[in-house]
Each structure stands twice: as C-alpha cells, then as structure tokens.
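Two complexes follow with chain A in common, the first pairing it with chain B and the second with chain C.
What follows is the complex of A and B.
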C-alpha cells in the first residue's frame, strides 16, 4: 500500500484549497460537519460520522436555478449552472454511497438534472474509511461498509504513520497529483463488522405491508418535523419557487429557487383545491419507507438507504428505520 | 432530450389572449417567442401538460387545452386558487410568461379511432378533455359517436360554454350538461354528473369513456361506468398533483412507484386499480 503522512496530506490539501472549492469535515462549535475550508488547519482527520451528509454540496438545500430579469414586457433568462471544481475530502463511504443513489435518478434517468450533473462532473470525492461503526450505523446491511471504496475517487484509511491511499478512479489519480507517498508492505486493517446486522426485505415484502398496522403504530407519534429527510443522504425531493430580488427603475430581478422538500411534511400532497391524498402521518411515513426500500429500487435501481443511521439518532420521537426494517423482514 | 438541454428552463412566451372563462377561471393563449420553444411544442398531444411561469411568482403545471392543428398558440384554462394562478390571473395580453413542456404521456387518440367516445368533464377538469373533443371533431370520420357529459358545481363554473353550439352542431356528437346546484337563470339539468351518466346511460359497445375532474368525481364516475357495464379497459382518466418538475425528479407526484408526471398523467382505469397507492 501507499502511505501519505499527515503532514504531507496537509500540505497537499493546502495547495488543493487554492485550486478548487474544498469541503472537509470541520469542528463547528462542537459539531462535526462537512464544511467549506480554506486550509488544512481547519480540517479534522480523526472524526465521527459528520452530523449531516454531504449531499448539500451536490444538491444544495437551496439553490438558484435561473436568474430572470423583466423590464416592461421584456424578459431574459440566465441559467445559473455551477462552474467551480470541487473536492470533498474526508467523505465517509456511506455519504458517497448516498450520492450514488441520487446519481441513479438525477444522472442515469433522462433527462438529466443539469445542475446536479454539472456539480457532480466537477466534484472529486476523497473518502476516509471509518475506523469503526457508530451509533445507529448499519451500512454493511444495505450494500455498503466502513471501508467501501466503490463510490469514491480516492479512499484514505488511517494506518500507523499516516493514511493508506487507495486510488479508485482516474479522476482520483488526477486530484492526488503532488501528494507525496511512500510504498510499504501490508494492507490497511479491516474494520470489525457491525454486530447486529439489519435484514433488508425485498420490494415485494414491503409492498405486501402497504396495508398494515405498523404504519399506524410508528406513524402516530411522528411530529412531521422532517428531520429524517433533512439528514438523509439519499432523500432528494424538492420544490421550486420564485423570489423577487429587487425592483429598480422598472427592472425586476427574480430568482427561481429550488429547495429541499420532504414527503413527511403535512402539505406535501395537498393539490390545487385542497385535496390531500396523504392526509395522515402514517400515510406519509409509509411513503418515506416504501420509497427507500420498494419504489426507489424498483424505479431507479439502488436502495434509498445507505445505513448511515442519522435518522435513527435524529428523530425526536425515536422512529427507528432499523426497527421497521426488522418488522417488515421478519414478520 | 439531449444532455445539454436544461429541462428546468422555460421557453419564453407572450400572452395573445386572456379572457374570463368562468367564475375564477381564465383562458390564456400563449405565443412561444423562441424558435426552440416552437420546435419543442410543434407536435404536442392531447392530454400532455406544461408548466406556466408567472415570473416572480413561480410556475405550476396545467393541462394544455389546445391542439396544434387548430393553431400555433398554446391554450390553458387556469383556475385562480393559489399564488401562481393568482399572479397569472393579473396578467394581460402582451405580458410575458414562461412555458416548460410538453410533458407527460397523452390520450391514445390513434388507438381510440373507430371507437365511440364518452367524455365526462367536471369543472376545470374539462380543460384537458377539450383537445380530445377537438381532435375528434377535426378528424370526424376516424371516430365513432361522441357523447359529452359536461358538469360543474354551478352554472357560472361551466367552462367552454361558448363552444357548446359547435359541439352540438356535429352530426355524431351529443352534449349533456349538468350542474350540482342551479340558479335563477338555469333551466338545464341539476344533479351530479354520475346521476346524469346513469340517465344518459351510454352504450358500452365499442366505447371508451374518458373522464377528468376532481379526484372524488373521477372515483365515482369510474364506479358508475362500471355499473353501466364499462370494463376497466374502457375507462381513461388524467390525474393531477402539485408537481415541481414534471420530469420524474422532484418526487411530488408519486402514486406508489408510479409518477403521475412521467407514467401519466393519462391512465387507464385498470392501471390505476393495480397501483399500490390510490389517488383519492
């Protein structure tokens, strides 16, 4: 294996930060979050699972799609397509896996999402293997793993004397240019697998549970707070609205904005005229779970869950995806 | 769709006609002012929809209620019900709008050739059925008898009343109109469209029924059609949802693993009855 020392990694990151937008795990008031950084000094190299996924950097929580200017009856439209190269450093394998799930819809289904595609194309993913599995983690049960390299461009693994560097893609090789490495014998250590694997029922098993009291039991305590979709690396529902930025001398500047949405929100399915085909909380959490394990895999291929466990630890009323998965698989 | 096209960018258009169609419902005719837009809409089909942008307010999906055969302009019937539709209602002839589409599948007009057609429109739900009616009238010999049942909650909510004479003038079309509640000037039928349907009782022979209206109406029209002997393969509808993309990405309009925007909006009753999740 090839090893880079921490100090070599840092000087490489400092140079990288000059050439591209660099996103890395950072300590933000005691919270570990993927955040833009300007130098290696801000970057964490030993850290837990960041509290939020990195989907924000490919599919921002809020983004401007179009800038529209209107003067009298004349309108012009400018498409706001991202242009800057971006490196996400220290990405956990589950978060890379989450991006692969979004790829299946935004890139692999025509027409492509131009905004996501432009960012994805310009983004290099430098992952950091997890030294262990944390509270709520179950990546190994849904096709991932703490050292899974498959959705990354580079995988780093902490080893004695530095980090083992595994170049996964040509894009990864490109971004590593200038990183000093030494070759040594041996392989990075394996990570102990999670003691309690979670069973994943087939889409048909989930379909068969469409009418079942489990949705009432788990759903009635849901607060419709939407934290589960907010922290989820694969949830990708959005809405689109216009905002008037300003009106000056008869010229109106407008932004068309896309923002994350959540199928667990009360009005998600309220149509014109007020009809709501998912009026209750059980209706809505059923949609969320069936989307992840039945609809999304049937329509687009991958599961809509990467086992990061964030929704398990974030839910204020302890709705636990692994509990529901067990119930559907084992009954 | 080529990779470089951005499906979220609307084509620019200009309103060429705006008029009151019914209480709270306006008719909009749009001329596409960009060549790309005109090319995209060169051959749109009955049942397809498009997003209309009122710049500054946003965009919302509407069934296109015109056909390319009757002219180069796109037509929409818009009920004032939210922020976008309110803003659209304040626009005038000459004002700019955006149009994204055409989107979704369409009514299988070729497959329907030679069949007797029953049209059941409720309120603004009549709008996406108008291109079906126009296609049949404009290709009269290709289709069988057409029975139109046109309904609204009250007389002032009936849409396209100015075309009734045209529809009635066709030798193989009959038009029946009803309102849930009449008023002083109303001398026509009063009662739900399902009651009218039972009374008219169109023959099921070689027939296909096409309906659009509020979800609850579609549900009961299907039940009544079934009672009259219509098979699931003889019933079509078009569904709506509060969509934000129209291209299968935003997640808003799923019925189980189906998307109204890309798998529909036009569905046969036997498709809908097989869906995991209902539209009601």
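What follows is the complex of A and C.
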C-alpha cells in the first residue's frame, strides 16, 4: 500500500484549497460537520460520522436556479450554473454511497438535473474509511461498509504512520497529483463488522405491509419535523419558488430558488384546492420508508438508504428505521 | 436507565383501569425505547398499558400531542377522550392551552406525576430541573407518587447574564453563529405545545414574511419570530432545545423573554389558567415598555 504522512497530507490540502473549493470535516462549535475550509489547519483527521451528510454540496439546501431582471418590457433571464471545481475531503463511505443513490434519479434519468450534474462533474470525492461503526450505523446491511471504496474517487484509511491512499478512479489520480507518498508492505486493517445486521425486506414485502398497524404505532409519536429527511444522505425532495430580491427605480430582480423539502412535513402532499393525500403522520412516515425500500429501488434502482444511522440517532421521539426494517422483514 | 418500578406498576394499573372502563380512548405516556432511554407511547389497550413506564428519563412534554386529539377521527363523531401523563413543568402547558381555548378540560384526564427531577442520558440533571423546585403538577386529575422533599431552587439567570455582558455586536455575532447551524427542520416548532398554528407564518406558500430558503436571514427571522410568539406563553419545558439536531441554545432565547414578561407584567406562563398579557393587554397608556 501507499502511505501519505499527516504532514504531507496537510501540505497537499493547503495547495488544493488554492485550486478548488475544498470541503472537509470541521469542528463547528462542538459539532462535526462537512464545511468549506481554506486550509488544512481547519480540517479534522480523526472524527466521528459528521452530523449532517455532504449532500448539501451537490444538492444545496438552497440553490439559485435562475436570475430574472425586469425593466419595463425588457426581461432578461440568466441561468446560474456552478463553475468552480470542488473537492470533498474526508467523506465517509456512506455519504459517497448516498450520492450514488441520488445519481440514480438526478443523473441516470432523462432529462438530467443540470444543476446537480454540473456540480457532480466538477466534484472529486476523497473518502476517509471509518475506523469503526458508529452509534446507529448499519451500512453493511444495505450494501455499504466502513471501508467501502466503490463510490469514491480516492479512499484514505488511517494506518500507523499516516494514511493508506487507495486511488479508485482516474479523477482521483488527478486530484492526488503532488501528494508525496511512500510504498510499504501490508494492507490497511479491516474494521470489525456490525454485531447485529439489519434485514432488508424486498419491495414486495414492504408493499404488502402498506396496510399494517405498525405505521400507526410508530407514526403517532412522529412530530412531523424534517430532521430525518434533512440529515439523510439520500433524501432529495425539493420545492421551487420565485422570490423578489430587489425592486428599484422600475427594475425588479427575481431569483428562482429551489430548497429542500420533506415528505414528513404536514403540507408536503397538499395539492391545489387544499386536498392532502397524506393527511396523517402515519401516512407520511409510511411513505418515507416505502420510498426508501420499495418505490425508489423499483423506479430508479438503488435503495434509498445507506445505513448511515443519522436518522436513528437524531429522531427526538426514537422512530428507528432499523426497528421498522426488522418488523417488516420478520413479521 | 433507572425505572421507578413501583410508580411504573401504579401507572400501568391506573391506565389499564381508565382504558377498560372506557373513560378514555388512549393514554399518552412513556415507554422504554429499544435503544435505551424513553419515548412517547400511545396506549389504546390494556396490553399497551403494560408498556407504560416512569423514570427520570421521561423528559418529553407529552401535552404537545393533545393537539392531535382535538378533532374527531371521523366526521360526526365526538373528539376522543384521552389521558396524558404530565410532570410539573408539562402541567403548566395544560394551563396555557386551556386559557387559549385549545383543549377541553372535560375531555382530558391529566395524570400528574410527582417529579424527582429529570436527567439526561449521562445521568446529569436537566438544565431546567436545576432551577425548578416544583415537585407536584399544578393541574391534575389523578396524582401518582410522593413529592420528594427538596430545598427550593433559586434561579439567578446566570446563563442570561453571560450573554447580556457581551456588547451588542458580539451578542449578535453569537446568535448569528448559532442560527447559522440551524437546518430549518422545524423540529423546535413541531415539538412545541405552544406552536399550534395550522399555517405557520414562516411557512406560508406566498412567502409573505420569509421565503423557503434555508439561509441565515430566514433562519434568524424564524427563531426570533418564534421566540416572540412564545413570549409569555412558553412554559420553559425546553423541548425545543432538546430536539434540535444542531444543538441551538434555544432555552436562552426563551428565558430572556420569560424574564422580561415576568418583570413587566408579573406573569409566568402556565402558573395559572391565564392568557399571556402580551396577547391582549396594552393598557390605558399603551405598552408598559
């Protein structure tokens, strides 16, 4: 294996930060989050699973799609597309897996989502293997793993003396240019697997549970907040609106934005005229789980869950996706 | 997690009785969560009642679920009768909701618990419990447990003093830094028993006050707006701070306003069945501010 020392990694990152937008795990007032960094000094190299996924950097929580200016009868429209190259450093394998799940909808369907596609094309994913599985994690049960390289461009693994560097794609090789490495014998250590795997029922099994009291049992305590969908690396629902930015001297500036939306929120399914086809909390959490394990895989291929465990640990009323997966598979 | 076995048993029997006699359709209480700790439970049957527990981890304010029980399940039916388990702090919410005409007293059976003070997952007392010596709920129909003897706690608002000592620019910077972490998941609003508007002003389709963007200006406006809407109504159950996935110190905001309201009007939310003076009272000479 090839190894880069921590100091070599840092000088490489410092140079990289000059050439591209660099996103990496940071300590933000005691919270580990993927955030833009300007130098290696801000980057964490030993950290737990960041509290939010990195999807914000490919599918931003708020994104300006168009800028419109109107003056008298003149209207001009400008499409806002990202141009800068971006490197996400220290990405956990589950978060890369989550992007692959989003790709299935935004890239592999026609028409492609132009905004996502532009960002994705310009982004290089430098992953960091997890030294262990964290609280709530079950990636190994849904096709991932703490050292899974499949959706990354580069995988780093902490080893004695530095980090083992595994170049996965040509894009990854490109971004590594200038990183000093030495070759040594041996392989990075394996990670102990999760003690209790979670069963994944088939889409048909999930569909057969459409009318079942489990939705009421778990759904009634749901708060209809958006935590689970916003911390999720694969949830990709959004809403679009136009906002007036500025009105001055007969000139109006408008932005068309899209922002994250959540199927757990009360009004998500409300249609014109006020009808809501998912009026209750059980209706909504059933949709969330069937989307992940039935609708999304059937319509687009991959599961809508990478087992990162974030929804499990952050739900304020303990709605636990693994508990529901077990109930559906084992009943 | 230290479960109080004898109170758990009493609570289970009480709930079973209420359900079997048909006095209530549902008992809203707590059960042990599979991953440890406690979570809300809606007990509909005597068997469900056997899952109810009482422990020092029963932190949730369950009165927020009473809003789900205001309407009949089917058209033409009566709204359901329910029982709800409350701690002293939660019981203040009952007073607020009664004063605001949100719940009907005769449809709610309040199971009051003598409170030993609640703890977090590490066994530390919750922040709100360190400044509270209420051991009995203010409103209840049935009471379980003996109130432990405690020395009355005093609240010197030391947490607010720290913030107030900062110059205004630094104070603003502090709050902007906190709000920046917000992901606008609305968990604080959703868990709040005082936030029951059918359409939140911060979530209007027309974006009259704030658009749907998840950016600092919207988050700033949302949190300050919500705090003002809760002024004189917030009972300081701290649920908003507990559920926040990004650890925003929302308790500080709420306490700031609670202290001002008490200073100006002598009003403490939920101490009795009374509306917040900020909701209706301007007085002859206008606002006292």
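As a working rule, the second predicted complex is superposed on the first by the 331 of 331 C-alpha atoms of A that agree within 3 Å, B and C clash if a C-alpha of one lies under 4 Å from a C-alpha of the other, contacts with A are read in each partner's own complex, and residues count from 1 in each chain.
Quick note on the criterion: a contact is a pair of C-beta atoms (placed from the backbone, for glycine too) under 8 Å apart; a residue touches a chain by one contact, two chains touch by 3 or more.
Owing to the predicted nature of the structure, the values given are computational and were not obtained by experimental measurement.
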Room on chain A for both chain B and chain C (clash or fit): fit
Touched partner set for A:268, first chain B, second chain C, both or neither: first
Which superposed partner A:320 touches (first chain B, second chain C, both, neither): second
First (chain B), second (chain C), both or neither touched by A:75: first
First (chain B), second (chain C), both or neither touched by A:239: both
Chain B versus chain C as contact partner of A:207, first or second or both or neither: first
Which superposed partner A:328 touches (first chain B, second chain C, both, neither): neither
Partner chain(s) touched by A:308 [first = chain B, second = chain C, both, neither]: neither
Which of chain B and chain C A:51 touches, first, second, both or neither: second
Which superposed partner A:298 touches (first chain B, second chain C, both, neither): first
If touched residues of chain A are counted for chain B and for chain C, the larger one: B
Shortest span in Å between Cα atoms of chain B and of chain C, once chain A is used as the common reference: 5
Chain A positions touched by chain B in one structure and by chain C in the second: 239, 241
Residues of chain B defined as touching chain A within the complex: 1, 3, 5-10, 12, 14, 53, 55-60, 79, 81-82, 85, 94-96, 98, 214-216, 240-242, 244-245, 247-252, 254-257, 259, 276-280
Residues of chain C touching chain A in the complex: 33-35, 37, 39-42, 60, 64-65, 68, 177-178, 181, 183-187, 189-191, 203, 207, 211-215, 242-243, 245-247
Touching residues (chain side chain A, partner chain B) in the complex: 65-66, 68, 70, 73-75, 77, 79, 81, 105-106, 109-115, 117, 207, 210, 236-242, 244, 252, 254, 256, 258, 261, 263, 268-273, 275, 277, 287, 290-291, 294-295, 298-299
In the complex, chain A residues that touch chain C: 28-31, 33, 51-52, 61-62, 136, 217, 220-221, 223-227, 230-231, 239, 241, 243, 257, 259-260, 262, 265, 267, 281, 312, 314, 316-318, 320, 323
